[in-house]
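In the two assemblies presented below, subunit A is common to both, partnered first by subunit B and then by subunit C.
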Partner chain A sequence: MHERLSFHIKRDSVIHRLNPLTKLVLILALILIAFTFPWYWAPHFLLLLAIIPLGILGRVFPEFFKTATRLILPAASFLFLMQAFFQPIGEDVIFKFYFLDITQESLMFAFRNAMRVFVMVSAFTLFLLTTHPSELMSDLTRRGLPPQFAYVIISTLQILPQMQAKAQTIIAAQRSRGLDTESTFLKRAGSVLPLVGPLVFGSLVEVEERAIAIEARGFTSKNVKTSLYEIPDPSFDKFIRWSLLGLVILSIAANLWPS
Partner chain B sequence: MAFVNLQNVTYQYPLTKTPALQNINLQVDEGEFVAVVGPNGAGKSTLCYALAGFVPHFFKGEISGTIEVAGKESSKSTLDEWVLNVGLAFQNPFNQISGAKYTVFEEIAFGLENIGVPREEMKSRVEDAMALTGIRDLADRSPYSLSGGQQQRVALTSILVMRPRLLVLDEPTSQMDPIGTREVFGTIRKMAEDGMTVVLVEHKMEWIAQFADRVVALKDGSILLEGKPGEVLTSDLLAENGFGSSRYTSTAREAKKRGLWRKENLPVTLDEAVEGFALTLPFSSPKGAPRGRGESGK
Partner chain C sequence: MKIEIKDLRFTFPTGLEALKGISLTIEAGEQVAIVGQNGAGKTTLVRHFNGLLQPASGSVMIGDWDVKKYSVAKLATRVGYVFQNPDEQLFSRDVLTEVTFGPKNLGYAKEKIDELVQRALSLTELNDKTETNPYDLSPTWRKMVALASIIAMDTPIVIFDEPTTGQDALNVARIANAISELRMEGKTVITITHDIDFCAENFDRVIALSNGQVLLDGPAREILGQDEVLAQTYVDPPQLTRLGKRLGLKETVRNQEEFLKAIT
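This part shows the complex of A and B:
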């Protein structure tokens, strides 16, 4: 029951202390550069020279490594294989498997794309590992994000595990009344309705009560909202953000430059 | 002019055929602690929603009559203004947790953030409110990891911290043990003595008798009886209309039929019952009657 949908690991590090917006800009910049910089090895270098050092600086490398090898690597490998086999470019066939063939070009193409995706997902993972969702949201709210939007994001992260637990309870309750949940496919399909029904209708009732509860606590008040925590945004953070923006512009310009 | 003033309030939820409240007239003074009792479907929760502004602002539906709190009229106010004066906590604690916060401390501060209380004041108000309801040790826990009773305390604290002038509570102790219930009732009583007006829906008759100033009995959307707790809670009218009564009242009512209860009024609390039975039962005398719980008077 204590589970929640958050990867955040509470530690003290340079990266943890950065303003959430700076971190968001940082990972978006990494992703944009990986996708736009017109040099073949750019994503590979970003992984070695940015993502991994950031993971170490943020003191989350072990966790990052675990996610990377178990989740991101298989996905990127799959993407690599798909693109290597099915990208109809190049003449120089180097590997044949029945009617599928891999060419030198499709191999290179697939390798770069898989690497780009790897960098993108890794960057997001690092961001989630080092940023507390409520910190991010209160910082963004302070900068003008509608509080309703922030509320939807945060409460969804928190309520989903609760709904999961409730679904388990409903399944247990219905099974104890003889509902068949583990025989033939057709019988199990018939069991879906008595399971989903209470979950959906129960959730609708809950939504109404929750709306009343947050309304009673001034959620729609027209007063200017304040925040319990102060999220520091020193000029160093602003400097980083503008520099990153500059780098992204350079990368895109280099990409568009007619050469 | 009473602090809370309901005049001929009749209300019907949308898509229903019968009114949930019928011709309610109720006045509550500032600092008064009023308990509302009634069987299921009597309109207790609807009355709470009406006082807290959710009827009709949130639920829509048809309403007639006037609802006034602190000199303002509900129909001429908006819900976000209304909640600054009137706080509402209801039964199901799980649904009262905002879901937007990761610790109890942040959860309680949520309402103050919404109405724009400055940071330093916010912190001290949250600390004070938590001390009041005895949940300081929960400050860093996740609201979702708490027991039902603890969540109810958090829900109550989250409303108390906003310092409403009228506090509306719909069975705020339904998931608490007797010790927790006693503590919370004590807190609410103290808030009332400090000037907060309290309207409380509750089934636990003994606690009402001990703590409330006045009891309002609702049935089918109308007020059936109203008055001092000791009189209302023991009246035969309530018993005939399917209201629950405390076990002491029921016991004494049975005893009265057999001539074993000689006092005029029936008891609601243990102490009153002990006092009354001491007059008739041969093995105890009024003076040496055991009064405390578990401490026998041998």
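This part shows the complex of A and C:
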């Protein structure tokens, strides 16, 4: 079986050991607080005092840092520039570029929004790095998520690496029969066509076979199913979840509080 | 066409050392069976013959060509390779197009292609199925289409990777027949097989691989008699060979004919 398409890094850490639902609640709470808490510096503090320490605690900081600098930072910077230039608020112009004004207010606004997005995406990254998708899905299914939904998610994660491996084999078979796939661009382009047919057809056959296989093991059975892997959910996890929920409610309340 | 392998080594990206220094010479027109347990390196070895894998060190010469210097498509003019799983190899809408694909790529003249395709189809008894979609055929016939599509390329060397797996007796006989036709045409046939009876009945030379090394190499009669050594790579000699041994026959027998001759 081919490896799933997933960011998950198998390590042993406090964060890895948390129940997947707890982690999901944790990151959703971080995101909600970043977006609702009225204090201006809230998202910045969350990044420094929650997300980065969690990354270190989860022993995935190097990978997290790589994703953050290569992927999230450029996206957040772009968002920052767009909002700083095009947000028509404030009068205190500090920078002018043709018809574009940057005001103190738009700068502050853009900085906070970019930071919020940064917190959101990096929280999800942290989650994906420390949680195996099938672990999350079996935990959520146990809690009542329809198994069909879990199947769709998991099989989507599986299909890309599988198709890639399949494409490699088909290309090897065709080259063995004299198909020139490495010389000129035209020949390369021409060789794509005989590849598509078996790839798509083969994948469809595979989907059908897998459907039969899981049905043969009682996929749609209404009976309560047991799981091969017990995913622990200690009371400590429940405590964390309820506390986080409390914090989120406080944050939203603070946001709605007439000041 | 001669195949010369010198101290061939290959390591997979995962770090698994699949071939640990293999040296072999296979003369033109030889019929060779490669046996050995799963993971012994059989498929890895033959994939070097047509360039699908590149040696980490050592060399493979196909005639006067060093496989490192030629593309897979180019080597396909000399080495035909039938994959273990026909489903990975077949992609055309009908059997005729499928079988024509190889010779057409090799750039033969139109008449030659037609002739080669017809010959391959009759060797594999597919003449009445030319318009069928390969995927509508049973797995046994799909295997024959895979065979035909390589035979039609008319390469001096033909490799079969596990041709008899999952095949019924009738189809095994068809495959054996195709191999003996290729032998009469003077082609080198190299077959990877777990089917030791098939190996005993159709091949002159047997190479047993174990853990990426050559365990035994020689005439089939000699090799199949060495049950203790073969056991190292989890290969049992054919039933009749074992029976002959139990009966105390002087010579190692490989098939019914030899067995009957030895006991009368």
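The definition used in the following text is that the second predicted complex is superposed on the first by the 212 of 259 C-alpha atoms of A that agree within 3 Å, B and C clash if a C-alpha of one lies under 4 Å from a C-alpha of the other, contacts with A are read in each partner's own complex, and residues count from 1 in each chain.
By definition in this document, a contact is a pair of C-beta atoms (placed from the backbone, for glycine too) under 8 Å apart; a residue touches a chain by one contact, two chains touch by 3 or more.
Computed from a predicted structure; not experimentally measured.
Student: With both complexes overlaid on chain A, does A:H44 touch subunit B (first), subunit C (second), both or neither?
Tutor: neither
Student: Of the two partners subunit B and subunit C, indicate the one touching more residues belonging to subunit A.
Tutor: Tallying touched residues of subunit A, the top partner is B.
Student: Quick one: classify A:S155 as touching subunit B (first), subunit C (second), both or neither.
Tutor: So A:S155 only meets subunit B here.
Student: In the superposed arrangement, does A:R59 touch subunit B (first), subunit C (second), both or neither?
Tutor: In the superposition, A:R59 touches no partner, neither subunit B nor subunit C.
Student: Which partner does A:R142 contact after superposing on A: first (subunit B), second (subunit C), both, neither?
Tutor: neither
Student: Looking at A:D180 after the superposition, I want to know if it touches subunit B, subunit C, both of them or none. Which is it: first, second, both, neither?
Tutor: A:D180 contacts subunit C only, not subunit B.
Student: Taking the stated contact definition, name every residue in subunit A that is touched by subunit B in one complex and by subunit C in the other, in rising order.
Tutor: none
Student: Please output the residues of subunit A touching subunit C within their complex, sorted ascending.
Tutor: 166, 169-170, 172-183, 194-195, 197-198, 201-202, 205
Student: Would you tell me which residues of subunit A are touching subunit B in their complex?
Tutor: Touching subunit B from subunit A are residues 1-2, 4, 132, 134, 150-151, 154-155, 158-159, 162, 206, 209-228, 230.
Student: If we count contacts the way the header does, which residues on subunit B are in touch with subunit A in the complex?
Tutor: Result: residues 49, 52, 54, 58, 79-80, 83-84, 87-90, 92, 94-102, 105-106, 109-119, 122-123, 142, 144-145, 155, 158-159, 162 of subunit B touch subunit A.
Student: Using the touch definition from the top, list the residues of subunit C that touch subunit A in their complex.
Tutor: Residues 50, 52, 71-73, 76-77, 80-81, 83, 87-92, 101-102, 105-106, 135, 149-150, 153 of subunit C touch subunit A in their complex.
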